[in-house]
Structures are given as structure tokens and as C-alpha cells.
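Residue numbering begins at 1 within each chain, and the chains themselves are lettered A, B, C and D in the order written.
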Amino acid sequence: MAHSRHIEAPRAPTLLPVAVFIALGALLPLLLSSGFHVRLAMLIWIYAILCMGFNLLYGFTGQISLGLPAFYAIGAYGFGMLQTMLGFPPLLAFAGTLAIVALLSLLIGLPLLRLRTHYLAMATLAFMLIQNGVANRWIGFTGGQSGIAVPPLEWAGETLGRTEIYYVVLVMASLTLLLHDFLIRSHIGRAMQAIRDDETAAQALGIRVTRYKLRILVVSGVLAGVAGVCFGITSLRVDPSLSEFHVLVSVLTIVVMGGLGTRFGPIVGSVIVVLLPQFLTSFGAFETVIYGVFILVFLLFMPHGLSGLFERRRWSLRRRSSPQADAQAREMRRSAE
Amino acid sequence: MLMTLSYLLLAGLTNGSVYGLIALSLSVIYSASRVINFAQGEFVMLGAMSAVLFLVTLALPWPVALVAVIVVSVVVALGLDHGIYRPLVRRKAEPLTIMIGTLAGAIVIYGSAFLIWGPEPRFVPPVLSLAPIRLGFLISNAQQLSLIVLFFGFLALTWFILYRTRFGLSVRATGVDPKVALLMGIRSERIVQFTFIYSAAMSGIAGMMIGPLLGAHVSMGILITVKGFMAAILGGLGSPFAAAAGGLAIGMLEALMAGYGTSLYAEPAIFVLILMVLIVRPYGLLGDYEAERR
Amino acid sequence: MPKMKRSAAGLAAILAMTAGVAAAEPLDLVVCAVDDRSGSAADTGIESLNALHMVLDPVNAAGGINGQDIRIVEYDSKTDPQLAANFGTRCAEDDNALLIIGGSPSAVANSLVTVANQNKIPLWILAAASPELTDDAQYQFRFGPKVTQDSIAVADALAAQGIKKVGIINNSVPFGISGAASAIEALEPKGIEITTQQTYDVAATDVSPQIINLMQSEPEVVLVYPYPADGARVIRTIRQMGMTQPVIMPRVGAMKAFRELAADAGNGVMIPSSVDPSREDVEKFFDEYAEKFGELALSPSPAQGHDAGMLLTQVLKDAAVQEKIQAGDLQGARDAIVEATGRLGNFNGLQGQKDVAYNFAAGHHGPPDTGFFVFIEVAGNGKELVGADISKLAK
Amino acid sequence: MTVERNSGPLLRLENVVQKFGGLVAVNNVSFEIRKGEVKGLIGPNGAGKSTTFDLVTGVRPPTSGEIHFNGIRVTRQPAHTRSPMGMARTFQIVRLFRGLSVLENVQMGMHPAFPDGLLPSILRSAERRRQEAESRKRAMKLLDFVGLADRAGERIETLTLGQLRLVDIARALASGPDLLMLDEPAAGLNDAETRNLAEMLALLKKRGMSMLLVEHDIDFIMSACDTVVVMDHGTKIADGTPAEVSRNREVIAAYIGRRAADVTV
């Protein structure tokens, strides 16, 4: 069974689109006239950071965490509180915040990752409710429902302007994007997808499944924390609403619309979810229904989201559809479930 | 002392019955379809809001209103099943993706209810009397007590359907293995449709009965469902009875925590407790049944 | 089709069109109303906006101000502080609004305050009660009382009647938790003992565990911080269990949903109110409101909307403000509005006791500290609200 | 992982027992596989061969008894440790990764060779890139070996069952195993596919690959294996060359009798 002809391996995806996204991001403030647009752009990047974490965890590794908004909130609270209460300089507060969210994710993840699908979803949701409940109740520490102020970023004694803050957020988002892309294009991303698709087989190939899940959970927690810090420096406030249901709904909407398990889904989705309410204001009371219908349409008719439309074209063009192959693939899938 | 304890237990039973009802409806759907229905609480909201419509606006007698509430719930449930669940199952979406679909469904239902009823809280006229009833030294009222009756009634009905009818057998078979069920000539879509309808009716009736106590508000759905979720995973999602027991457990815990501990931190404390239970028993307190099948 | 126009404008904005304002043209009289018109605080946002229209629509119908109509741009913040901040920024930077009115829940108001100070745009907060909102305030003013003023009014009344022991019960949503916290803060310095603080879940149908603890702590007066429906549940259970102590229920007690649900159990519940129903002008206004928008309980929100509208017409007519508006100087106009609000803001509105004026002077920026509250009482099985006799507190 | 090569058998099972509650699924089974040997494991339905396979591949630890691989005791080592040791397996129900391309599936077999962990992968990026390139090349070679190089970039959904099994084998081979364990590789294949598979296994054998083959198809196993272990009711009833085993009375009794029953199902 020797095959003499030599066939090239298909080419691996390049970094070019990542560079394009970052370059677009860097040019954006030059194109936008009002500070409001810059603010929206910042929010897009912040949600993109948050959702890239969720994408790695659920889209690529198959482990859901509905508790991500809690880490988002803790990131913002931590960054603010370390500065105001302990007098940390911003960089140290940033590092400290990341350490806190990493440690918390580890503590939560160690026991909870034994849980599967809906149990994991509900348990992590419980974590979000705990965090939110405490943030609302422990008024002396968290400021209760009105939250706490986050000190504005300064450079050489001057408070940073909005455009400068935008670039700080952009740097964070770019680093996140690079990490996200590195992970999914490397052997680590392959292993993550293997765990998502079939844990038993992944284990048989020597992948330490639990350890991988835990790592990605920590990565997603840390990214949520980074997003929280970015939110803190843009809004200069943090309150319990950062870990309420509507944030969770936004995260889920972003990954569904952008495309679960795609390279750029979180960014594309964030663009939609941040801008959509601004357009929907003109629909008045119909807003909520339209929003819900939007999500449904994407779920039903675009299973890989907007980003998937482009990223998956490669697959569909090559796809050879023989009825027999389809039937067998179906059978295989069914027995794998 | 004894009086306090009895009061706490009665309150636990009442609140637990509400959580248990939601958990029961969630679990009936889950056991046939392996999907958590995020829109379940919206049926409670629909029950309460449409009760206002039928009882106040249209001034129908309550038995007619009850039927009308059931009809509304069933129609919306069919929409959920045909519009979201089936298409997603047919394109082989993951259970969690279907869950996200039901969340979108919840947003649509909530948004539509907002269009119809607006944001104001509504007054739901009580079907039964709110006048005090004495049970020994305990005092309650008929509307509250009816929730306990409703809960155990639905528990019994669910048991009867699942274990005493041929149809129930096929429901259980679908839950165990849809492929085998198909071989037995059972169309699992039918079964899942039934569970959606049955759960929706259950929640709708619950909404009509809870409304006079909790008030009706278009955004009440998610508040109610959260405790139901927690009850279901505490008891064990896979079995309706385990989930219902989880509801009672949360109700009792809450009452005891409020009675003897801190009422301010009762909610977060109970969620912490649930997490700890899950760490020891990943499929819930009574979830052996599901754990073994994996 | 104004809807179409607005979405087209939004589209243009998002596509980063430059909106160059010619220097010589006068500014449009744009006012943003960012408030909750859906979600749990929707009633406050809707009622205040209605009242705002009641004041401004006739002004516009009569030719506006110097021939210019006042345009209200409305955004629904949905109890979402982040969304509110986005809309606030949009008002400041895209809509070129002269000022922002709104922000009823504290979290929403808080994020609007940040926006106002970043963008140097005046913000008139309506109902939000969080005390620190107007600490060291520059651009923000508030029409509603702080929750602490609310609590201080209650504490003063209780202290005056020689009450020594108060039990508190609140629901577990932020409103209940922070309301109770501020009450404790106001009561303790007066030497009033808090016998217990009980918290219950809004979704709990039976609150008797909390009521039992409340009963056993033997308070002289009970303070309740609920939402309407659970407030009714609490008061019913309190009376069912044979507690006869007076009950004070800030704000919520006046709401229709509460009074309907509580029915006879609600009789005698006392409410510290910033709106005095015995004032003639108040009664007339609420009759007028009911005619336009349907029956409404005595609620501070329409009064706040009304007062904001009154002050707004005064401020826009002000010479210093008009000068900047005519010159097309947006930032100048905003600063002038801040200044004029402080200067003109000592006026009698529909809130407070008769002849008690707002105090928007520098360093205060809100309702007066005393004389702003009256006590009212639920009567007639929930059908009426009447003036309360607080001496009944000390039985 | 450095493994001290010994001269003993590659795989050794000693008195392995597996109980599920009161049921004894595997009862005191012992056998060996030498280097280069292709061992078949057969038996009627419910004989315990799949359970035995699970014990060897580490899906669960046995109730008692010992398993040694390359002289190392692996009895209670979890499944993920087996591949780095040189044990690779395929699955009866094909368990390829749906989200990955054919090539990437094969690359997964080489996973343990990559740097472990996030930071090492980022820090040792030059080494990782070289490894990645190498792994792609090797995976292509393996795909070429099983005759699927032209499908490398495709989703696995587009392949037939026979092709999927070949990818599974390529993936197992990718780890460079000392022992290849195949779980019913011919199940569900048509005649042509089965012949193709047999040819490939013969080629692997010629290259010196040791294999453990669990199979239902007696003809397939008799032609492919050096030696065969026969199980019935959880017990080993024969162990020898195909010729020896097929003459064994106990085997014939157990097998033929049951096989008739199998057919009627």
C-alpha cells in the first residue's frame, strides 16, 4: 500500500486576518468623529475580550461557564479596590486583579469541572448569583448597588483622554486576540477541540483532559478579568450590574451571532451586540422582541454564525456529498453521542 | 420553639412547592430531551399575566380562565417546540446550544408580553381566599395552601403518567435512549412535544395561582426560574421526582436559614451549599439514576 | 416617519459621518431623557416622562422658546447601567443635547453621573436615591430625595415620638437591601435600637419565617422595604400573625399594586412622601395627569418630571443660556445651564411641604434637607391615601 | 518518557479479574504479547473481550490482577498515560474528532510529543513551530500510507466508514506505538474494505508492529493473527496459533453453539 505520488498538506491558516483586525482597530479613532463612537468601539473590544474567553472555553473545549460575568465583575471590582483600598499603582492593581481571578477560577474549576453539560452550566450560574448576591449585600465593602468608583488612568500626572484609553483597551484586546488565535491554531487548540468532540478518545491519545479543561477555564476567567479591568478604566465605575443576567445574555448572543468555535466570531458578534441596541432604540417597545428574534434567526439558520460564513467556506467547497458517506457519518455521530 | 419550627417548616413547604413545581416542569422536559428549558419561567409569567387578562379584563369565571390560561401556555409551548427545539435538534445542535435557543425563546416571549401588558406590575385577583386560615396554632391562607396541594397534585399526576400509562413508558424509554425508543416505534419528537406542553400547562397554572401572592410582572419569569434551576440540579435533573425534592429542600433550607441564621445572606449561602453538594454528588443528591447511565 | 429618520441618523452616525456644526447657527433645543421605561423600575421612568411632556408640549405648542421647539430625545435604559452610559454618551456627543434628564434607579444614575462629568454636560437626576450621587456635584442635580433624607425623615419622626425599638424587613433585591442599610444608618445615631433586620426573596410566596423573627424581636414600629407585591405579602403576614405595631413603608406603600394586593391589611401603613396630597396644586396636577394618562397613585415620579420641565423652561429662557444657544456654543450653553440651574433652582415645585423650595445652590444640588417630607397613610382598604397622624406611632 | 527496554514480553496480563457488582465479567485471565506478535482476542458476544480490552487500554482499572507493559506495571495507570508509553488504540465505534480535519485528527496522535502547557508552548515557539511542521509532514505520510492523503484537508464527515477506520488507525500509528490495539476494526466494513484493511495490517506486521486485535469476524482474525486468545463467559479457554485454536474442542463447543444463537439475533 505504498503511494508514490506526493501530496502537499493543506496550508495552515495565517496570521494575516488577525493583523487586519488589529490594524483596523488602530485606525478606528482616526475615522470616528465623536467620543461616543470611540466609547462604543471600546465596548466592542471589551466584549470581544470577554467572549474570546467564553469561545475558548465553550466553542473550542465544550465546557460551558455561565459564571463568566462574575469574573468580569470581579476584574473590575478588583482593579478599583486594589487601588482605592490598598493604594496599589494601576499596573500592580492590574497584575493583582489577574492573580485574583486566576486563583478564583482555579478554586471554582477544580471541583466543578467534574460536572457535565447542564450541571456545569447551572453550577457556574450559581457562582455568578453568589458573586452578584454578595456584591449587592456587602455594602460596606462593595458599595452595594451603586458600586464603587474606579480611579482614572494617569500617565505622568495627566489623566488619560478617551482616545488614549481606547488604545490601552486595544492593546489588551490585541494581546487577547493573539492569544486566542495562538491557542486555536496550535496543538493546544487541537487538543481542546478533541476534548470537546470526544473526551474518551482524547484521553486515549494521551491528552490530560481535566488539566486542559482547568487551564482553559483559568484562561477564560483571566480574560474575563481583563475585560473587567478594561470596563473599569473606560467607565470609571463598577457596580453589581456587571454580573447580572443581561451580561450573560449578551455573551451568549455574541458567540451565537459571531459563531461558536470560530476564529473571529467573538469580535464580529461584539460589533453586532454593541451596535444593535443603538439602532433598535428607534423601535421602542419592539426592541426586546426584535433582539430575541435576531438571536433565534442566527441560531437556526446560521449555526456557525457570521464568522463561520467565511471561515467554513473552505470546508463546504471541498465537501463531497455522497449519500452513503452522509448516512455513515450520521450513524457514526449518533453512536458517538 | 416548636411553634417557630412549625412555622418555618410550613413556609419551607409552601416556598418549596413553588420551586418544586418549576423544577418538576424543567425536569420533565429534560428527562425526555436532555435540554434545560430557559423559557420555563416565562410560562409562569404568562400564566399570571393572562390570568389578569381573563379574570379582570374579560371578567371570565375562574374555571373558564383556568382553561384559557392552559390554552395560552400550550400554544406558546408548541411554538417553542416547533419553532426552536425541533429545528435545532434536526440540525444536530448540542444540548447546550439548544439551551441557548430556549433562552432566545424566553427573550421573545418576554418581549411580546411587554408589548401586550407593558412594564407595570399587575394585580392578579386571588382565585381562593386570602383570608387567614388557622391550622392549630399555624396561620396561613387558602391561596398559599393551594400551592402545596397543586405541587403534590402535579407530582402524583406526573408519577401516574410516567409509571401507570403506556404513554409514560414511552416517555421514559425516550429519556433513556431515543434510538432504542425509535426501534420500539416511539417517535421521540412526539414525546418531547408532550413534555413541553405538559410542563407549560403546569407552569401556567402555577403562575395563575402564584400571581395573587407574588404579583404579576412581565419580567418575573427569570426570577422564578433561577430557584427552579437550582432546585433541579440540587435534586438531580434526570428524574422529575428528584428535581421536585430539590425544590422542597431549597424551600426548607431557606426557611431554616432565615429562621435560625442570617436571612440577608440566605440566598448566596444556599447557592454555596448547592455547589458543595454538587462537588460531592455531581448529578445531584438523588441523581444516581442518571450518573449510572453515563 | 420620525422613527425612520432617527434610525437613518443613527446609521449615519455609526458610519462615522462628521457632524460639523456651523458656528453662527443657533443650537437646537435638544434635551435627552434617559430613563428606565422597561424593566423593574419602568413606572418611575414612564411617569416622569409623561409629566415632562405635560409641561413641555404646551410650551412647544405656544411657539417654543424664542421660536424654537424643545425636542426630547428618549432612550430606554432598561435598568442597565452600561446601556445608560452608552445612551448618555450618545446624548452628549451625537445628539448634541443641552442636558440629560433621567436616571431613576441609582445604578443607572451613577453611570450617567460619570458620563455627565466626563462630557461636561448637565444631568438632572429624577428619582435615584443613592446619597453619594450629588456629593461634590458639578454637573449633576437631583429632584428626588436621597434615600438618606427619606430615612432621616423617618428617623426624625420616630425619635420625636419617643420610639426606641424598630424592626426592619426588606426584600433581597438591591432596592430593599440598600434601603434597609440606609435606614439603619439613620436610626442608630438617634439612639433607636434595630431589633432585627430580616431579608426575604421577592420570589418567596411565604415570608412567615422572617415575620416570626420580626415578631419575636418585639419592635415598637416596623419598617418595610419591599416591592409592591411582596410588600403586600409582608403586611398581610404581619397582620395575620397578630402583630399590631405601626408599619412604615417608604415609597412603595403609595403604589397602587401594593394597595390593591394588601387590601384591608394595608390600612394604616404610613409612608414618608415627598409629595403632599393635601396641597391644592398637587391635587390639581394629579387630576390632570390622570385625565391624560389614566389613574395614578400618589407617586413622586410625575411630580419630579413636572418640576424638571418647569425648571427647564425657565433655564432655557435665561438670558445667559440663550446667549450661548444663539451663538451656537454648545459647551458654553451647557455650562450656562449648570450655572442657571443653581441660580434659578430655588423654586417651589410639586414636591415637599407647602412653601418649601428646592435648593440647587452650589454644594447642595438637590431637595432641601428639612421640610421635604410629609407622612401619608393608606386608608379605605387601599383605595385612599390620606394625611397621617404620626403621633399614632407612639401608642 | 524513557522506557527501559527489557527482553520480556511487550504486554503481560496476570490473573486479571473484573467484577461489576456481583457479575464477573473477566475471570482470572492471563496472556502475553511478544514483540512483533499479532495477537487476536476473540469470543462470542458477552465473553468479556471488550472488557478485557478496556482494562488493557486503561478505560478502567481491573478489580484484581496485574498488567505490565514493557516491564512497567500499568495496572492502575489512567488512560491518558498509555499513549506516551507506546500503547495506541482504535475504537470500535469510530471516535474521530468532528471539528478537526482529517489531517488534524491524525496529528492528534502525536499530541504528547508537543510541549505541555500554555507558557512552554509560547516560550518555546521556535521548537513548537518546527514540531508542528514535522507533525504535519508525518501525518501526511501516514495518510499516504492508508491511502487518504488527498482527503487531508477535509472534514471527517465526508468520509465513508471504511475510510474513517483507516484515519483512526493512522491516528493511532501517529504516536509511534510499540503496541497497536485495534477494537473490532472490521466491524461494519464491506468485503472490499475488509480486504483493504487486512492488507494494511499485514503490511504493518511485516514492518514489525505488535498488535492486539479484538475481532468478531473469525476468518479475519485467523488470517491476520500469529496467535489467538479465545474467551468465553469471562474466562480464557484457549491460547495458541489459529490452527491450534481452531482444533480446540472447547472452543468449537462454546463458539459454534453460541454462534448459531448469534445469527438468529
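Just so we're on the same page, a residue touches a chain if its C-beta (ideal position, glycine included) is under 8 Å from a C-beta of that chain, and two chains touch if they have at least 3 such contacts.
Remember, predicted model here, so these are calculated numbers, not experimental data.
> Just tell me the minimum hop count from chain A to chain B, counting one hop per pair of touching chains.
1
> Name, by label, each chain that touches both members of the pair chain B and chain D.
A
> Does A-C or A-D have the larger number of C-beta pairs in contact?
A-D
> Could you give the separation in Å between the centres of chain B and chain C, each centre being the mean of its C-alpha atoms?
Chain centroid spacing, chain B to chain C, equals 36 Å.
> Taking the mean of the CA coordinates per chain, how far is chain C from chain D in Å?
72
> Between chain A and chain D, what's the gap in Å when you average each chain's C-alpha atoms?
Roughly 39 Å, centre to centre.
> Tell me, which residues of chain C touch at least two other chains?
Within chain C, residues 38, 172, 177 contact more than one other chain.
> What positions in chain B touch 2 or more of the other chains?
114, 264, 267
> What are all the chain pairs that meet the touch criterion?
A-B, A-C, A-D, B-C
> In the complex of these two chains, what residues of chain C are touching chain A?
3-4, 6-7, 10-11, 13-14, 16-19, 38, 75-76, 78-83, 85-87, 89-90, 92-94, 105-107, 110-111, 114, 118-119, 130, 132-133, 172-175, 177-178, 181
> State the interface residues of chain A toward chain B in the complex, per the touch definition above.
So the residues of chain A in touch with chain B come to 58, 62, 64, 111-112, 114-119, 121-123, 125-127, 129-130, 133-134, 137, 245, 249, 252, 256, 260, 285-293, 295-296, 299-300, 303, 333-334.
> Would you mind writing out the residues of chain D in touch with chain A in their complex?
57, 59, 78-84, 88-89, 91, 93-101, 103-104, 107-109, 111-112, 114, 116-118, 121-122, 128, 131-132, 135-137, 139-140, 144-147, 149-150, 152-161, 164, 171, 175, 199-200, 203
> Under the stated contact criterion, what part of chain A meets chain D in this complex?
1-3, 6-10, 12, 182-183, 186-188, 190-191, 193-194, 196-198, 200-209, 215, 219, 261, 314-315, 318-322, 324-326, 328-329, 331-333, 335-336
> Quick one: which bits of chain B touch chain A in the complex? Just the residue numbers, please.
Listed in rising order, the residues are 30, 34, 36, 83-84, 87-88, 91-97, 99-101, 103-108, 110-112, 114-115, 179, 222, 226, 229-230, 232-233, 237, 264-265, 267-268, 271-272, 274-275, 278-279, 282-284, 294.
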